[in-house]
Amino acid sequence: MKLSDKRCSIQDAISAIKDNDTVMVGGFGVPGTPIALIHALVAHGARNLTLIKNDANEPGMGIDHLLQSGQVARLITTHLGLNSGAIALMNSGRLEVEFNAQGILAERIRAGGAGIKAILSDIGVGTELADGKQVVELQGKPYLVEPALRADVALIHADRADSFGNLAYVATARNFNPLMAMAADRVIAEAERVLPLGQFDADEVHTPGVFVDHVTELGELSEEYAVVRR
Amino acid sequence: MKLSDKRCSIQDAISAIKDNDTVMVGGFGVPGTPIALIHALVAHGARNLTLIKNDANEPGMGIDHLLQSGQVARLITTHLGLNSGAIALMNSGRLEVEFNAQGILAERIRAGGAGIKAILSDIGVGTELADGKQVVELQGKPYLVEPALRADVALIHADRADSFGNLAYVATARNFNPLMAMAADRVIAEAERVLPLGQFDADEVHTPGVFVDHVTELGELSEEYAVVRR
Amino acid sequence: MVARAAREIAPGMVVNLGIGLPTKVVNHLPADFPVCLHTENGMTGIGPTLPPERADRNLIDAGGAYVSTIPGSAFFDSATSFAIVRSGRLDLTMLGAFEVSASGDLANWKIPGKFSPGVGGGIELAQKARRVVVLTTHTDRAGNAKLKQNCSLPLTARACVSRIFTDMAMIDVTAGGFVLVEIADGVSVADVVAATDAPLHVPDGPLPRF
Amino acid sequence: MVARAAREIAPGMVVNLGIGLPTKVVNHLPADFPVCLHTENGMTGIGPTLPPERADRNLIDAGGAYVSTIPGSAFFDSATSFAIVRSGRLDLTMLGAFEVSASGDLANWKIPGKFSPGVGGGIELAQKARRVVVLTTHTDRAGNAKLKQNCSLPLTARACVSRIFTDMAMIDVTAGGFVLVEIADGVSVADVVAATDAPLHVPDGPLPRF
């Protein structure tokens, strides 16, 4: 038995994205944001996308490129506080935004990746975040139905990968990446290093390669990755 | 800032377990089963326990000691196939057994550790495993409410720990351990090695120490750990 | 039949092989065949089975056999292991059976009053693998048919089985019920029909042998 | 007030410090104080903040500041990060506030028509930390009271706040409403009462100063 080779070019990986797709994008702030994949998606031009991402990055960075290019119709997120441009798009009605509590967004994505239909949670009960949500009573108390989220495509940034798609992340660049890497029909990972098969300790894999469809190796990182030229 | 030291003796760690407690026990077969903690619990003598464990180990091994000592009133599990003694206890009415689908048991424990009330799943719909379970309709289809599981105490086997309780597991000895290590009010980990603080790569921690209350270092492992004397 | 069943596995598939006959399928794959084997207790990329004296005490499959890694193996917890199964990343599972119905219902975990050790991971494999095939003897030890119009035993999952490999035949489960597709050497169509407790559609013309 | 708030942190606690004033609390702890700081973006054991030229580009806190590790730090994903919060492993959080009600309701994420960038991790911290304390100015920039009988802004969580530190006073939220516990140097009880838009219980006798 041997494991298949999922390496491909960034353009080939991105080419399957279609208009109207739902796209998950890893990252919390800059760390873990798949900046090269985002630029390739801007170049590719697919429109009317629904993005799922923790935050909207900052103006001129990360998914802001997709927001400013007008490719995004809807954003499922937790917080836009660092991107005044995203807030302006939302306030002008050009971007539909759905806010989730951050840990609930994480759990909804995880549920999608785990093949669970929904979770029941009391987070937000009694606040406006509960508005419009289905309620289930358990032992006499109300819980909100938080449906699983899945995407057509997930864009993932990893520190290292192997050719089968096993992934590992570093530091706080992990964040939503391992959750999203389980929750999409097509998972595309950019990695700072792609190692030969067998160079990964099986205990240190954060995302098993079975979840990953395409692996692309990054060359030199741009300054948008917060690389400081010293 | 520094992190607290949670090292203690196996007896001190076990001493807080009380009659009628619910106790989660890691392991799938022998790998990951906290055999030294189980023996300490037999010696401690707490009775009328509810155990949560994937399987009942084999006769004369692992939690079979607790079953045979009569300390267990109830077992929440997935499969007893390798322990004829456990099946005999169940069939004679001396042991109440609740069977779960294996991945659903894992998710119920994880939900307990994640502070989620329940998950909604279609696993087992239309079979007798659905009997008696609350059903919620979503988009016209029935889903079973699978309530979170938590325990008073979790007994965990790790390969290595540090003094703060960060844990890592090896190979298939991981199984239910990281899930249970999040899902109990008191988490006790036995580790084959306890490393000085700072010897653990922060990216390679499988269970963050914030979930762990007590860490105890194992001496030489007994043959019950499947140690082959060569 | 095991050799024939091995041809179900296409290059690049992620596959879970159940305990018993299915486990033996791997022996009929070429050494460098591109396949990723999954086991419920938390591993992808299972390598060859090892004798106890060469085994790693922490490395078993869900059936308790000592196994090994291959380049690219990964370990994970039990929740992640079933996330693979339930979220559609498991291309194929091969399972044993007590009974299979003409609509693809599977019963393989409980014989009331006789055998009820628990369901383990079987429900999720049967219900959520993208393709479920069964490997089983055509009849039980008492000679009773295992392929029936309806299952009499408690179900593992409904309408899940696509194909059945037995010592007598390869049979597909279709919207119209059981269809005989291939037949074992030395067995007649009449033998298979007689050993099957449900209508069996037999195509015209000669059937492939295995 | 920040120095006084730092005394809320008992040895061995797991603590999340919100953006703004709460972040500064850490500067008032002794260097070897046993505390585990948690940040929502996936870390326990936060070490000192670093200037950009010494920073690791992959290591920030939830507020975007470059931070560092200490011996025993651990990284994890966002689901695990909030599992810590929701499952009761977070002993204390310190949060900012727009408004706090006399029953401990907290509003700190949205001013309709003016400020609505999203709730982030605030709801879960407010609702699930074992103890929630607020650090805030006593009044807003326009001089309006932030401590009110009822919140007028959309809530973050109900009945969650135990204690409030302001530039004027330390106030507890009790079943009977706000109770003045300590008072800042140079401030009179009458000042605090006047700046609080809800009944304020003032104990007999002299109050501790901070």
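Here are a few things to note about the model shown:
Think of it as A, B, C and D in the order they're written, each chain with its own count starting at 1.
What we mean here is this: contacts are C-beta pairs under 8 Å (C-beta built on N, C-alpha and C of every residue); 3 or more make two chains touch, one makes a residue touch a chain.
Note that the structure is a prediction, hence the values are computed from the model and not measured.
A count of contacting C-beta pairs for A-D and for A-C identifies A-D as the more extensively joined pair. Mean C-alpha positions place subunit A and subunit D at a centre distance of 29 Å. With each centre defined as the average position of its C-alpha atoms, the distance from subunit B to subunit D rounds to 35 Å.
Inter-chain centre distance (subunit C to subunit D, centres taken as mean C-alpha positions): 56 Å. Residues of subunit C in contact with at least two other chains: 43, 75-76, 79, 82-83, 85-86, 128. Along subunit B, residues 107, 114, 116, 122, 169-171, 174, 202-203 each make contact with two or more other chains.
Taken as a graph of touching chains, this assembly has some other topology, since it is neither a line, a ring, a star nor fully connected. Every pair of chains meeting the contact definition is listed here: A-B, A-C, A-D, B-C, B-D.
Listing the residues of subunit A that touch subunit D in their complex gives 28-32, 54, 77-82, 87, 97, 99-107, 109-110, 122-124, 126-129, 159, 169-179, 206, 225-228, 230. Residues of subunit A that touch subunit C in their complex: 1-4, 112-116, 162-164, 166, 182-183, 185, 196-198, 200, 202-203, 205, 208-211. Those residues of subunit C whose C-beta lies close enough to touch subunit A in the complex are 11-12, 14, 26, 29, 31-38, 43-47, 69-76, 79-80, 82-89, 128.
Taken together, the subunit C residues at the contact with subunit B in this complex read 39-43, 52-53, 55-62, 64, 75-79, 81-83, 85-86, 116-124, 127-128, 154-158. Subunit B meets subunit A in the complex at residues 107, 111, 114, 116-122, 134, 136, 138, 143, 145, 147, 168-171, 174, 202-204.
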